[in-house]
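In what comes next, chain A is part of two complexes: it sits with chain B in the first one and with chain C in the second one.
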Partner chain A sequence: MSFAVEFDRVARHFGQVRAVDDVSLQIAEGSFFAMLGPSGSGKTTCLRLISGFERPTAGQVRIFGDRADTLPPNRRPVNTVFQDYALFPHLSVRDNVAYGLMVRGQNKASRRDAAENMLTLVKLDGYGDRKPAQLSGGQRQRVALARALVNKPKVLLLDEPLGALDLKLREAMQDELKALQKSLGITFVFVTHDQGEALSMADTVAVFNDGKIVQLGTPEDIYQRPRTRFVADFVGSANVLPPEFCSSLDLARSWASLRAEAISLTAPGRGQVDGTLTGTRYLGAVNRLSVRVGKTELSADIPAHAPVPAPGATVGLTWDARALHRMEEG
Partner chain B sequence: MATHRLTNPLSDMFWRRPRVLLALLLAPPLLWLGVVYIGSLAALLLQSFFSIDEFSGLINYEFTLKTYGELLRPANYDIVLRTTLMAAAVTVASAVIAFPIAFYAARYAKGRMKAFFYLAVMLPLWSSYLVKVYAWKLILAKEGILTWAVDGIGASAALNALLSLPVIGGNSLSVSYIGTFLVFLYVWLPYMILPLQASLERVPANLLEASDDLGASRGQTLRHVILPLAMPGMIAGSIFTFSLTLGDYIIPQIVGSSRNFIGQAVYAHQGTAGNIPLAAAFAVVPIVIMGVYLWMAKRKGAFDAL
Partner chain C sequence: MHSDRASLLLKSAAFAGLLFLHLPILLIFVYAFTTEDRTYQWPPPGLTLKWFAVTWNRPDVWEAMALSVRVASISTAIALVLGTLCAAAVSRAKFFGREAVSLLVILPIALPGIITGISLRSAFNIGGIPFSTLTIILGHATFCIVVVYNNAVARFRRISGSMLEASSDLGANGFQTFWHVVLPNIGTALLAGGMLAFALSFDEVIVTTFTAGQQATLPIWMLEELVRPRQRPVTNVVAMIVVLVTFLPILGAYYLTRGGTETAGGSK
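Right, the complex of A and B next:
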């Protein structure tokens, strides 16, 4: 089987810094692939290794089975939506979109048509004559998308594509990107530090830390079954429990994660552990309680309509044994 | 209850009427600009509409276009044409030479290299203009170092061929238009490099990556992205090189054939010849040429990227 993008033991070092450290990965054709990680984790460098703006120190990058790391960016069958869009300020929206066709020598009439069609696809018909400076952030994002897609890339790379947009627009664009990817069938690879974005859009998520992929899996895998403590911390959905906590429950000593919504409240002595309620935060659908158990602070989500004990009260916490998920230290 | 004096009537007034403050602050520079600068320019313009009585040599204070008509006489017209062509040649050559230097400084030079660049570009501006021009006269002279060096590498045939070209050639570089051109180029080059470098520095690196990513070759990126975005800087630089060459009267006097440039004509007419109206009319020529030049540049979209 051929993959859209393949990394074969790829490394990229900047002096002593190993930005990408011996990464192997396969991105399936037609998938929506997210590279998730904090800044400096190597995810952007990986994207730039695909686009060609970085060359690997070691290893091979293949795009649809063909060796790509020897090709310059302008000869790779991929296009990029840049973080701050990188639209050409001196060109109209239409000329921006048609740029890739122009440099390939397509004639004016046909590239103009192609650009207009692409603008219609991203819901910007009628904006062709404007300059990028006359558009809002969301509109510029769409132009950047159209400018990349008009070249019919085999892989579309998106570098923090929604980072500069406000929350509401970001959510709308997430849905649109997802729908666009489905209808075009192009492989999308996007880089983000926003776990919500990665989990809601991608089919497959690679979580990066220190130049390595620490977990690769479906959003559900990442969310439900973080492989290491780092993933659980970074995805941020769960209580991260230290080894002492497991020991105190007479379980094998290891790090574990336990999602807040998996915990319910019970009378003291009736649950797995007892703790002291230290605070409550109202989150709309649920109340998030902070409960101190020994040295560990646990979050427990209880339905908003359920009664909340007074701060300082001793409460029992209970959960389904399967909800406690063991992890590596990492 | 103790009252603290927290108010200052004057600053309160300025706060309530910000335009008063603005007017006060702007008045001195505006007066300077209006009276000294625009005023003298207007006086010049006015002079050019007077004429000189050919017999008495006195100025006739009646409005006429006669003096401008004088400019069209072959001798005067040649001066205008010669100066404009020289200014254009110097400008184009400056842009061609300045671009790679400015590009290197803007994109690649870092730290000490950048400091060296600024120093190298600015250093010639710190020494006297006259010293530099006389130095060039010596360099370009028939017995000068350049002839000697060209001889040394056995290329004197090429130099002689260059000097034997009609019009721009001459007895030696120091008495030819080529010599004048080289000195102009040397003296005004920094005025092209600096604005060009500033404008290239403002071209975001990710635009170059975007162009590359979209399939453009380096040449296409240069033509479709870098040059259009650097154009305002190049225009700014060309305003300097073009207008400075148009107005200069010292370089062509020291280095070059003895034929006049506009600056020399202005100098001669307002001085020994005592023909202030014609001097004024000559002085208006560069202003008009620059106006036309900028108008054309604007129409061509040179400022679109601003």
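Right, the complex of A and C next:
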């Protein structure tokens, strides 16, 4: 198994700030890899360590087995789709896409053809003569994508690629990026703070916090089996249950997570616990109930068409025993 | 109280202001055609085109003109290189004392020309540099740099950092990034700055007086010529040329920078 990108105990410190702190990871060739985390968690710095705009303070970065952390950005076999797209405003869309080929000395006719092919791939044929300023946000993003892909990078890096798009467009682009990655077979590494985006597109997700990877796994792993309280809370905001809660259920003392959608309502005394309903929030598909159980506030999602008890009522809560996930650490 | 139509008083005040500004210049133009060559007599006793021919045949005019063009071109060229580099450093890099540097670069244009002139003169003296065309050029370059710098630095700030990173990411080296991305985005600003610098240098008197040896640039030549009561309209013909040579670049610079708002970063 060869790895597209390997981090070997990589650190990047800015003075006292440890933006990336002793990170080791392997990104499999051909995978769609997400770096997920809140802002300031080190995910973007990791991406810039791959593209070459940051050099590690310690450790090694390897791209397809070759040491890369000593190479400048223009000599690495990777290309980036920038968050603000960073299109060249003075060049036409076609010349933007052909830029990488031009600086590498490819002749005009062949780079023009390559650019047109790439524009067709991202469904922008016929837009070659326009300037970036004449395009919509979604179209500019496609140009940025085409401009990166035309160089046939071994790894494509995407920095919050969908951040600037509206919801509808973002969902459409998620499907398109996924399909594009499958058909091209190129390793995609993308950075996002949107857990929905990471879960729906990636095959492997690394969750970052404070410059470290706190969990690495498939989207299902991350969502169903969060390793720490931070992951449980950041990814899909699960109920984080303190050790006392487990004790009260006659389980071994440990932190646990329980997804709101795994909980259903039942008559008092019929479920695992009883609690007092303190509030209801209508979320469209479901009603999110806040239920106080002892000292713990639990969220439970029930279908929007089901009847909602009055606030202050005592309710029973029940769940499949497998849904309660014990976490390794607090 | 506000009315859409300017009052008669305001209109006449504006007109008077314009007259005050431009009537003297018109007078200079008129005297270029007068038939009387000793005193500036009003109204001119007659009109003639002969002074244009006289000017054409005066070798000292041509000499001064050639010197002025040479000084303005070379000091503009020096300013373009140094001003652009300065602007690049101040807007792209972070270093200790950056704010101080950006203030110091602008200072020469804020200083009275006479101070610049005196200090340069003593500096050249101490350095043992003989006063020559070279010293005039150096003197002019001090204020030309400011004009180029000011134009370039504003444009540099509009080039987003990620655009330069994108260029490098796509395989360009530093020179290619400068040539294909930076230069096209600051090009009009440099042209405008260069034109202004050229115009400033072309009609400069004070610094030139202090830094010149025996040479006379066109404005210096005019100053000397006014003292002599002979063929005075020749000075007026030259003045017309100076007005054209300096006015056209300034007009050009105005139009170039006016349309520059849709460049880098304006697409967001």
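The definition used in the following text is that the second predicted complex is superposed on the first by the 326 of 330 C-alpha atoms of A that agree within 3 Å, B and C clash if a C-alpha of one lies under 4 Å from a C-alpha of the other, contacts with A are read in each partner's own complex, and residues count from 1 in each chain.
FYI, a residue touches a chain if its C-beta (ideal position, glycine included) is under 8 Å from a C-beta of that chain, and two chains touch if they have at least 3 such contacts.
In this text the structure is predicted, and so the values were computed from the model without any measurement.
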Next on the checklist: Do chain B and chain C fit side by side on chain A in the superposed arrangement, or is it a clash?
Outcome noted: clash
Next on the checklist: For A:73 in the superposed arrangement: first (chain B), second (chain C), both or neither?
Outcome noted: both
Checklist entry - Touch check for A:147: first (chain B), second (chain C), both, or neither? => result both
Checklist entry - Between chain B (first) and chain C (second), which does A:104 come into contact with in this model arrangement: first, second, both, or neither? => result both
Checklist entry - Which of the two partners, first being chain B and second being chain C, lies in contact with A:88: first, second, both, or neither? => result both
Next on the checklist: A:133 in the overlay: touching chain B, chain C, both, or neither? Say first, second, both or neither.
Outcome noted: second
Item to check | Doubly contacted residues of chain A, that is, touched by chain B and again by chain C | outcome: 51-53, 72-75, 78-80, 82-84, 86-90, 99-100, 102-104, 147-148, 151
Item to check | chain C to chain A touching residues, read off their complex | outcome: 160, 162-163, 165-173, 176, 180-181, 184-185, 262-268
Next on the checklist: Help me check something: in the complex, which residues belonging to chain A touch chain B?
Outcome noted: 51-53, 72-75, 78-80, 82-84, 86-90, 99-100, 102-104, 147-148, 151
Next on the checklist: Per the contact definition, I'd like the list of chain B residues that touch chain A in the complex.
Outcome noted: 204, 206-207, 209-217, 220, 224-225, 228-229, 304-305
Item to check | Residue numbers on chain A that touch chain C, as the complex places them | outcome: 51-53, 72-75, 78-80, 82-84, 86-91, 99-100, 102-104, 132-133, 140, 147-148, 151
